[in-house]
Amino acid sequence: MRVTLDIGRFNPDAPNAKPYRQEFILEVEEYYTVLDSLIYVREYEDPTLAVRCSCRASICGSCAMRVNGHASLGCKTKLISVMDKDGRVRVDPVGNMPRVKDLVWDMKPFWDKIRAVDPFLQPEGPEPEEEYIASPESMLHLVGVMGCIMCGACVSDCTVLEVDENFLGPAALAKAYRFTGDPRDGKTKERLKELNEYSGIWDCTRCMECVQACPKGVAPMERIMALRDKTIAAGIRNTNGARHAEAVSDFVKKSGKLDELRLVPRTYGMFNPMSLNSLFAAIPVGLRALRRGKLPPIIPHKVEGKENLQAVRRIFDKVEGKK
Amino acid sequence: MAVYQHDVVVVGAGLAGMRATLAAIQKGADVAMITKVHPVRSHSNAAQGGINAALTSRGDDWDEHAYETVKGSDYLGDQDAIEVMCQEAGAAIIELEHMGVIFNRDEDGRLGTRRFGGQQRARTFHVADITGQAMLHVLYEQILKVRARVYEEWFVTSLVLDDNKAVRGVVAIELMTGQLHLIKAKAVILCTGGTGRVYEPSTNGLIVTADGQALAYAVGASVMDMEMVQYHPTTLMGNGVLITEAARGEGAYLVNKDGDRFMQKYAPNFMELASRDVVSRSEQTEINEGRGVDGCVLLDLRHLGRELIETKLSYINEVALDFANVNLAEQPLPIRPGNHYEMGGIKTDVNGRTPVAGLYAAGECACVSVHGGNRLGANSLLDTIIFGRRAGDAAAADAKETGEVKVSDSVISIDRDAIKNLMDRNPTSDTPAKIRLEMGKAMNEGVAVFRDEAGMQRALHTVRELRERFTGLGVHDKGQVFNTNLIFALEVGFMLETAETICIGAIARKESRGAHFRTDYPNRDDENFLKHTVVTKGPSGPVITYSPVTVTKWKPQVRSY
Amino acid sequence: MKVAFYPGCVSRGGCPELYPATIKVCQKLGIELDELTGAACTGAGVLQEKDRKLGDTLNARTFAMAEKKGLPIMTICSTCQGVMSQAYKRLMDDAKYREEVNALLKEEGLEFKGTVVIKHLLWIMVEDIGVDRVKALLTRQLPDLRIAPFYGCYIVRPSWALGFAEHPDRQHSLEDLIEAVGATVVDYDGKTKCCGLPILLINEKNSVDMVAKHTSTAQHLGANAMVTPCPLCHLNLDGYQPKAAKQSGIGIHMPILHLPQLIGLAMGFSPKEMGMERHIVSTREVEEAIAGRSAVGAGRR
C-alpha cells in the first residue's frame, strides 16, 4: 500500500531554524501504524528524523503526536484509518508544548503540572501491618485512571491551555482525581481545596477534546467533572463554578428549564462583595443585549403542563434524595 | 561539558532503578538516577500479568514459591538467592500497596490473586493486566515525593574507572543538548533492563538494547547464563507484541488448527500453565509439524466471556483489537513464541554487588541468579523490587565507607573522541538499523526455541561479521539536539557485544536446560552442566569460565508439568 | 417528515431569534414539528457534573416521550444534541443502569426502550432531506459569502457517541450546507474547538480569549461570516465578540449566523424574518452581500 507521509519537521541545529514540512512516499504493509511508518522513514529514508518511541504497544506513552491535526499515539493509529483518499497522512508534534526537534517536544511543562498536584499517596495515621482493607468497588474505578500513560495527548489538544498556559490541564487533574478517589489517601479535602483554586477544576471548559484524544480511555474531563462533584459534596462551594452548577440544577428543578438571566448573578454570588466587580463587568453585555432585544425573558420559561413540572421535580427528589 | 558528583548513581529508571534509588535515598545517600528515556517510558511498563508473592499470613508458603521457582529454572537458579527473593516477597507486596499500587482486591477488600504458569497456587498479585505500568507509575510517584534527582534523557556511554579499577562514575550524553557530562560517584547501579532488541522480532520496546550488560562487560564485570533467553509463548505475529500469560491464568486455551488443546500431550497436569519454556516448545513443535495456522497457534478466550475479558484483561483486549484486528470475545487470537526475556545478565550476589568494586546491578540486566534456565511468569517484577532495593541498600552502605572519588575530569575525552570519530565518519550505505535487523534475524534463527550447533555457529558468524561492519559505521545526523541517530548507533554497538556472549555461551552449553534446548543435545546433563556460564572480556575476546550453582535443599529432579 | 421537536432552552431564551427562524425554515423543508413541550432541559453538561444520573434520567424521560409519539427527536443545538447522544449511549451500553433509570420514570408511565433517534437539524438536512433537495428549495445562491463553520464541541466529540462511524458525512455536514447555499467554506483549526461559553461566568478572560482566537482567525482567513448549529456558541461568539476585540486588541468584526438563518436567507426569507436584528454583532454586510446579488438577479428579470 502506498502512503504519503506529510511530516511537520524542525531542526534546531540548522541556521535560522524554522519549521518546515517534508513528504515521504512509502510502500508499506496494510497493517502498518503511523509509528511503524515513521520508524521506516527513520531507518531507511532519513535517519535524522527525531521521534520518541519504544513499546509499539500503547503502553509506554512516548509517541503522542498529532495525526491530521488531532493528538493520538502513533503506535495505536493504523495508517489505513487516517489516510485520505489520496493516501496522505499529516503528522505533527503535539500542541501546547514547546517543540525540540521534528516530532520531539519538551515535556517539562507537562511534568511541572503533574508535580503541582502532589501526585503521591498521602495516607493518614499509622500504616496497617498488612494491606489497607478497601472494597473492590472503591478501588476498581481508579484502575481506569491508573491506565493513564502520561503521553500528553490530552494536554496537546486542550482548548483551555491554548489560551491559558496556567491551567493545570487534563492529565494533572486526572492524576489528582486518582488520589482524591483513593480510600487510602488522607488528604482529600486539602487536595480538593487546592484544585478548587484558580487554574484548577473549574477552568475546564468541558470541550471533550481530552476525552476524544486520550488513547487509553481515561476520559480526563469526566474525572474533572467528578472532582467538581466531590468538591461541592465536600462543602467547598465558594466559587463561581460551584454556584453555577448549583444554580443550573436549581433552575432545572424549579422550571425544567435554564434561566440564563438569573444564572449570571447566581453564579457570581449575589451576596458576595468580592464578585461585584465581575458582576458589573457583565452588565455592558447585558445592556447591549437588552437594546437588541436579545436578553432572555424576564419571566423564565417553564416546561408546559403542571404534571410535567411535577415529574421533573420528582426525578430530582428521587435521585438527589438517594445521594 | 559539566561534571557532577553523587554518592550513588543509578543507571536506568525502570522498576529496579527506581526501587534502588528510593532505597539508597532512604539510607541517606546522595543519589542521582540517570535514564535515557523519561522514567515512566521504561519497559517495566510492559509487564502485564502480575507479581508473585507467597503471603504467609493467608496460608501460602514461600518455600513452595521457592521450590516452583527452582523447578522452573530447571535447577540452574541459585537456591540461596531464590530463597531470599521468595521470603521477602510478601513484605514487598505490602510495601507496594502502601505506596499506592491499586492491586486488584477480593470481596473482603484484601489483595486478590490470580494463577500463573509453573505454579500450583494462585499467588500472582496484579492490577488488571497493566501491573507493570501501575507499579512503575507508583514508584515514579514516590520518586517525585522524595524529590529524587533524575537526569532525564541522558544516555550513558561508558563507566568510569579509577586507578584501582573501581567504578567511580559514568559518562553520559544529554540528548536535549548533545553535551557530554561526567557524573562521578562512589557507586554505580546498573538497572538497564534486558536484551530484547538483540532479537527480531521481540516483545521488548525499542529502548531495550543491552546497554548495562555491555557497559559492565567493558569494565571487566562478567555476564552469566546469557544463553538463557526466554521465548514467551504468546506474542503477536506482525510486530511481536506481548499477550500476557494472565490470559491463560484466567483460563484461556491454546489450540492448534484442528482445535485440539495440544498441551494435553506435553504437560498433562499444568496444561496451558506449564512453565514458559515448555509451552513455547510445545507450540513450536505443533507449528513445525504442520498443525499451526500461518506459523501460529491459537489462543482462545471465548469461553471466558466478554465481561471477564473487559475487566481483567482489558489491555490485551485493546492490543488484540488494535494490532491483530481480533475481538477476543468472538475470535481466537493467532499467537506464537517470541523473544521476551533474558534470564542471564551481569553476575551479582544477592546484594547486587559485582566483583568490580563500585559496580552493582539489579533487575533484568543482572543475574543473581533467581531465574536460572527459565523464569516463571510474574517473577520478573518481584526480582526488580527485591534486588533493586537490596542493591540500593548495599550501594548506599558501601558508598559511606568509600573515600573521595579520584577520577580525572579528563576521562571524558575518551568518549568525546570516540563519538567525534563516529560523527565525523562519512555514512556508508550501512546504517545502525540495517545492522541491528540482520543481527536480530540471525539470533532469532540460530539461538531461539530450538537450537543446534550449526544454527548457533551461523548466528555467531553473522554477529562477528556485523561487528566488523560496525567499526566502519557513520551517522547521518550531524546535529547536537536530540540526535537519536547517534544514540541508535551506540546502542547497536552494545547489542553486538552482548549478542556475542549469548552465542558463545549457548554453543558451549552442550545440553538442554530451561530455555536452552538443543536438538543435538536434547537432554539435561547435570553431571557436566549444572553450572553457570560466566563470560568475561579477555584481551583477545570473550573468555568462558563456569561457576557452581548453589543448591540448598532441592536436589535436581526430572522436570515435568 | 415529522419530528418530535426539542428546541432547547436557549432558542427561546438567550437566542430568541433562533426559534422562529427554525420554525419558518422547517416549514419550507417540509419538516413537521411536534414540539416536546413537556420535556426538561438536557442539563447542558452542567447538571451532569453535579449528578450524572440525574441528567441522564431527565434525558431518558425526553427519549421516552418521543418514543411514545413514535417520532425521532430533532434538536437545534449542538449541546442538546451531544448531551442527549452521550446519555443515550450510556443508557444503551449498560442494561442495569437503564433499568435503574427506567424505574424512576415508571411513576409517570414512561419507559425508555432505546428505539428513539436523536438528530440535529443539521444532520436531518444532510442525511434525511439531502443536500440536493435542500439546494432545490433555495431561491438564491450566496456566492459573495465566505463562511467559516463553527460546529460546537458536543456535536463533534466524543465521536463514538455521535454515530460518526455509521454516518461519516456528519463530520463535514456544516461545510456541505455552506457549499449548498453557494458560499465559500473558510477552513481553519478552530471550527471544531470550544467557543468558551461554559467557563464564561467562571473564567471570563479565558472564555473571551477563545472567542477572540476563533473569530479573528476566521477573519484573518477572509471569512465574512461564521455559521454555527449551536445557540450556546452563538451566545459567546456573538455576544462577547465586542469584549473579545477589546481584550485581544484586534479589530474583530465577525457576524455569527445560526444555521437556520443561513439556510433561511438563501430560501429568500428577509433578514427581519430571520431575526438578524437581534444579533450583537451587526450582520449588515452579510445582508448587503445577499441583497446585492438579489438586486442583480432582479435586474436580469
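Here the chain labels run A, B and C in written order, and each chain numbers its own residues starting at 1.
Here, contacts are C-beta pairs under 8 Å (C-beta built on N, C-alpha and C of every residue); 3 or more make two chains touch, one makes a residue touch a chain.
Worth saying up front: this structure is predicted, and the values here are computed from it rather than measured.
A.B. asks: Can you name the chain whose C-alpha mean lies closest to the mean of all the C-alpha atoms?
C.D. replies: Here the chain at the core of the arrangement is A.
A.B. asks: Let me spell it out: compute each chain's centre from its C-alpha atoms, then which one is farthest from chain C's centre?
C.D. replies: B
A.B. asks: Using mean C-alpha positions as chain centres, tell me how far chain A is from chain B in Å, no decimals.
C.D. replies: 35
A.B. asks: Could you please state the distance in Å, as a whole number, between where the Cα atoms of chain B are centred and where those of chain C are centred?
C.D. replies: Going by mean C-alpha positions, chain B sits 55 Å from chain C.
A.B. asks: Measuring from the mean C-alpha position of chain A to the mean C-alpha position of chain C, what distance in angstrom results?
C.D. replies: Averaging C-alpha atoms per chain gives centres 23 Å apart.
A.B. asks: By residue number and range, which residues of chain A touch two or more other chains?
C.D. replies: none
A.B. asks: Applying the document's contact rule, which stretches of chain A touch chain B when the two form their complex?
C.D. replies: Touch list, chain A to chain B: 11-13, 29, 31, 36, 39, 42-44, 46-48, 50-62, 76, 78, 100-101, 104, 106-107, 114-115, 119-121, 123, 127, 130-136, 138-140, 142-143, 146-150, 182, 184.
A.B. asks: Which residues of chain C touch chain A in their complex?
C.D. replies: 9-10, 12-17, 37-41, 43-54, 57-58, 61, 82, 104-105, 107-108, 153-154, 157-159, 189, 193-194, 196, 198-199, 201-207, 209-210, 213, 239-240, 242-243, 277-280
A.B. asks: Would you mind writing out the residues of chain A in touch with chain C in their complex?
C.D. replies: Interface residues on the chain A side: 69, 159-160, 162-164, 167, 198, 202-209, 211-212, 225, 228-229, 232, 239-241, 244-246, 248-249, 251-252, 256-261, 263-264, 267-268, 278, 281-282, 284-285, 288-289, 292-297, 300-301, 303-305, 307-308, 311-312, 314-316, 318-320, 323.
A.B. asks: For the complex, give me every residue of chain B touching chain A.
C.D. replies: Within the complex, chain B touches chain A at residues 37-38, 40-43, 45-46, 57, 93-94, 97-100, 102-112, 127-128, 130, 133-134, 137-138, 141-142, 144-145, 176, 205-207, 238-239, 241-242, 311, 315, 318-319, 322-323, 427, 431-434, 475-485, 488.
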